[in-house]
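Scrolling down, you'll hit the structures one after another.
In what comes next, chain A is part of two complexes: it sits with chain B in the first one and with chain C in the second one.
Let's turn to the complex of A and B:
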């Protein structure tokens, strides 16, 4: 029973996904009389979105429940370790993932019918992909790691290509699929090498083997370990879209339906960070590897600096808000990587990254949602020009958009500010002054392009004769925005409870 | 004497002022007359309240200090801003009245701050745990320095809002929201004694000011808005890094996390770190002040901002930079601040006072001229702070207040002709004294205050700053020279201000468009009256301000000196920070407790309640 309780967040979302699939397949299409359709889910995006959101919220609530009950008081959970490691770290991330997924589902509930891509397989795919993401954050074994990664990715590949008629979407899906497969293959090679070198597939065993290098009687080859470390890092850097493995990101985000882009930006990235932290700290947590002299911290630091700087500079030059948000998500990966580097010295940095990703999830989902809200049937708001004058015509949409942008820019009192503060505090605590200062300077560069959206929202009028973006009316999108806004303000002004949760989210090596 | 008669006697001066204000000016409507009379009576009340020795000296009992007063003052505008969001956009009158009501209420509430005793230490202190796991507390308090800046804020914001409501008719809801949010942010930054809280309020001000410039500004408003925002933010993120470093060092030494000013100001950092952190704070504040060569955002922001925005920018926002330097740079980094003072003073004199004045002289746009004159005046403020003498610092604070009043009034006056002619170019005007006599009189008066003619408020502050510079030990052997150079700034101020006054107001009416300009309207008169009254009150009785300031300034200077000594005593190659000894006393009331102290207190509390509860606990099972 305890085992079931401990696994309940995963089971709830997984079983929910299957039920939703059945509901989709056996329901009646809800189309205007006289319209022939072979798609049983046609016209039912609303109810399915609601179902998916409810399932994911249940998943989030169960994650909190298990967190409060304490996974360490459920000894039966060791039965599934190391394939699934249910600790507070996992639970915090599964909460984040469920929240991100639920927001994306709600956004889809408004977006898909509005833009005539009422294809209801979106929601089961979203849920299955979320199960994969949650399993990824729990993976303590190379096998589950790879299976979970592919489960998560496969769903996303098809979510991107949902708009079948559009060449843009096909290009985006193909690009992501090909590059993603390459990255997965590279990582798989690294995992195989790791198994060959250490004889273990569980991360704890690998960690012990790595630690034994250099001690008498050890047969583990340091060279193989280093090569496999590089390969694994490449694979995961692709998933978190760190520069220079980011090329697919703007194209994929732009071609994908916006809710799918939201899901990619929040859930895929968070799950990838979870597994990155676990692999590096449990598998490669040896002092020699996790040091500034050799090993992963300097490599990750370079990735972090590149991601922040390149993405921020390029984002300022974009004309499409969607692409700008894509680059902003790359920049945020850079900020979070600073926290990952700090994790080599300070265990608190793990909590900082976890908190940062939650803050990032709600802010980014909110920003994409506000962008969705600014466009309506046939005329999606994409470029800055589309947003001109929205502040005057639709103050509520503009206010919400500004709030999320402030959070992304890291202005108090929002979630994004506190997340940045936490990450950079742990970086300074670990003596990484240069990284922290580079990150902070970067957030000023970043402020420029977030500000640019504000300028268009409030200070510019659309050019005479230009098509005006009309905001859509959708209860789903509005609900998602209100929920995200509450999160953003709550995490910014009263983050006490969440901070306690995050600071409990330490990794356990099993 | 019966109470009724005494009441009549006490009310008589106010009634006289009311009658004078209502009857003397040549006005048509009764509403206008009533408003003018009311303004006169309120101005009299303000003057009498501030008059030295007029009110019975407040008994220095802390019981008079209602601990929530500062919370009310800071959060009233913030809550009001939130409430504005739920008021209907379609009724601008309601929105304006609501905003003004909140701002005036805030002004009235802040007058109660004057009940604080002028002794050293923190008054109206309020402390609550905010995020205990991060050592962040909600800690607000005032001393004799921030008291005046809070009053300046609550005093100028209603005026700026009142003026703006006259000229800005579009998007009133956003305007009201911006004013209230800005007010809350400014007040919070002046009273925060927790560095995290300070940073939150500091950044909170950016957004409403950005909107004020960018939405209601001039032609180049968007560029000016970007410039304002990015300059300020670039300065403040490095300050954030320095704050985080201080917090980390404090934890290394004392073993617990805290963002509290009282605790962090006892920290003595190793020399390199101290210089770097001081540099980060200095950069943030120097951009805000702004000091040469970081001042380039200011003229753009001022010229593009609407009148109300300019008033607040000049009167209050810039003061946050100088206040920040006084409170945080001098309070926490005594050593580097002392070491850099002589160099920075030269920058303030040549880059600020003299260069600012020369730039002002060459401007064709009156608003840009006033903006550059701000650079010069704030050069005086910074010079007084760098001098580090009592006269210098008190003079600096006086200049802060007086510059807020005089420059606020100047921006208001420039806004008046801009509203009528939609130009601010000097060459467009000439001989305005004929069509607009009252306006001319007020303008000349405010100009006198801005130049620093004796009898007006501008004189006292600048005089004290120059005096303080002349006798300063910090500035070393050049102090006298620097004092002399600064005095030239006063002359230059007369040159640029009087030349513009001469060109605009006197001589024949050259431009026919100016021949029939209407004189000051009732709204403008009401807005100007309190400023003009204060120019004289503070010019003739600067003791109103300085009496309450002495102890706090001494305390600041003491902290400054101690910080410098501790910095000098630190070995050259020390790599670890250390903490200065606690001094106790009123200045350290509210010092953050370490977890051990908290536990000990809790244990003591438990022990105190144990005898009472123990018998009950024993009795229960029976």
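Let's turn to the complex of A and C:
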């Protein structure tokens, strides 16, 4: 019983996904009388979105419940270890993933019908992908890691290509699929090498084997470990879209339906960071590898600096707000990587990254949601010009947009401010001054393109003859925005509670 | 090093002999064979009908669907075999786990069926 309770967040979302699948296939299509359809899910995006959101909220609530009960007081959970490691780290991330998934589901409930994408498979796929993402954050074994990674990715590949008639969507899906399978293959090669070098597939065993290098009697080859570390890092850097493994990101986000892009930006990235932290700290946590002189921290520091700088410079030159948000998500991967580098010295850095990703999840989902809200059928808001004058005609939409952009830019009193504060503070505490300063400078550069959106929202009028932005009306999108705004403000004004929870997550990652 | 050579030398010898035989036959045929080309013989196909129509054939998507479904349910059998071999050792836990696995697959089967993925006509 305790085992079922410990696994309940995963079971709720997994079983929920199967039930939603059946509900989608066996329901009655909701189409206008006289319209023939063979698709049982036709016209039912609303109810299925509600179902998916409810299931994911249940998953989030159960994550909190197991967190409060304390996974360490459930000894039965060792039965599923190391395949699934249910600790506070996992539970914090599965909460973040469920929240991100639920927001994406709500956004899709408004977006898909508005833009005539009548594909109700979106919701079961979203849930199945979220199960994969949650399992990824819990993976303590290379096998689970890879299966979970692919479960998560397969769902996303199809979510991107949902708009079947559009060549853009096909291009985006194909690009992400090809590059994604390539990165997965590289990573799989690294995992195979790691198994060959250490004889272990569980991360803890690998960590012990790596520590034994150099001690008498150890047969583990340091060279193989280093090569596999590089290969695994490449695969995971692709998933978190760190520069220079980011080229697919803007195209994939632009071609995907916006809720699918939201899901990729928040859930896929958070899950990839969770597994990155666990692999590096548990599998490669040896002092010789996790040090500034050698091993992964300098490599990740280079990735972090490149991601922040390149993404911020390119984001400012974008004409499409969706692409700008894609580059912004790359830049945020860079900020979070600063925290991952700091994790080599301070355990608090892990909780800082966990907090950062929760803040980033709600802010980014909100920003994409506000962008959805600013468009309507046939006039999806894409470029900056599309947003001109929204502040005057639709003050609520513009206000919400501004709040989430403030949070992404890292201005108080929002979630993003404390996320950045904690990450950079742990970097400074770990003596990574250069990295922290580069991060701060980049936050200032980043503020430019976030503020540019606000300039268009409030200070520009559409050019004469240009179409005026018409906001859509949808209870789903409005609910998602309100929920995200509450999170952004709560995390921004009273971050202590969540940070306490996140710091519980840190201790168990080592 | 010498150990490696000892182990792999016979294999490389087989490769070398194989390559040599192929080279001798191929080069021998190329240089020794009589060559009397005429227009008939230079055509791409010496026998059969002239080919017509487009080169690429568009396959119906249902072939892919069937292939994917076959792979999915074939893999199911792959997972069930080792379980069946270890059935007694795994006990009730193993039984319930496999039941859950098959239940999930049944859901997938019902989904495919209802969505019409199993219909060949239409």
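Just so we're on the same page, the second predicted complex is superposed on the first by the 506 of 510 C-alpha atoms of A that agree within 3 Å, B and C clash if a C-alpha of one lies under 4 Å from a C-alpha of the other, contacts with A are read in each partner's own complex, and residues count from 1 in each chain.
Note that contacts are C-beta pairs under 8 Å (C-beta built on N, C-alpha and C of every residue); 3 or more make two chains touch, one makes a residue touch a chain.
The structure displayed is predicted, hence computed values, not measured ones.
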item: Chain B versus chain C as contact partner of A:338, first or second or both or neither; value: neither
item: If touched residues of chain A are counted for chain B and for chain C, the larger one; value: B
item: Touching partner for A:495 - first (chain B), second (chain C), both, neither; value: first
item: Contacts of A:22 with chain B and chain C, given as first, second, both or neither; value: second
item: Touching partner for A:392 - first (chain B), second (chain C), both, neither; value: first
item: First, second, both or neither for A:455, with chain B first and chain C second; value: first
item: First, second, both or neither for A:433, with chain B first and chain C second; value: first
item: Set intersection of chain A contacts, chain C complex versus chain B complex; value: none
item: Contact footprint of chain B on chain A as seen in their complex; value: 391-392, 395, 399, 406, 411-413, 417, 421, 424-425, 428-429, 433, 436-437, 440-441, 443-444, 447-448, 451, 454-455, 458-460, 495-496, 499-500, 503
item: Residues of chain A that touch chain C when the two form their complex; value: 18, 21-22, 25-26, 38, 40
item: Complex contacts: residues of chain B adjacent to chain A; value: 85, 89, 130-134, 171, 173-174, 196, 199-200, 203-204, 206-207, 210-211, 214-215, 221-222, 225-226, 229-230, 233-234, 237-238, 240-241, 244-245, 247-248, 251
item: Residues of chain C defined as touching chain A within the complex; value: 104, 107-108, 110-111, 114-116
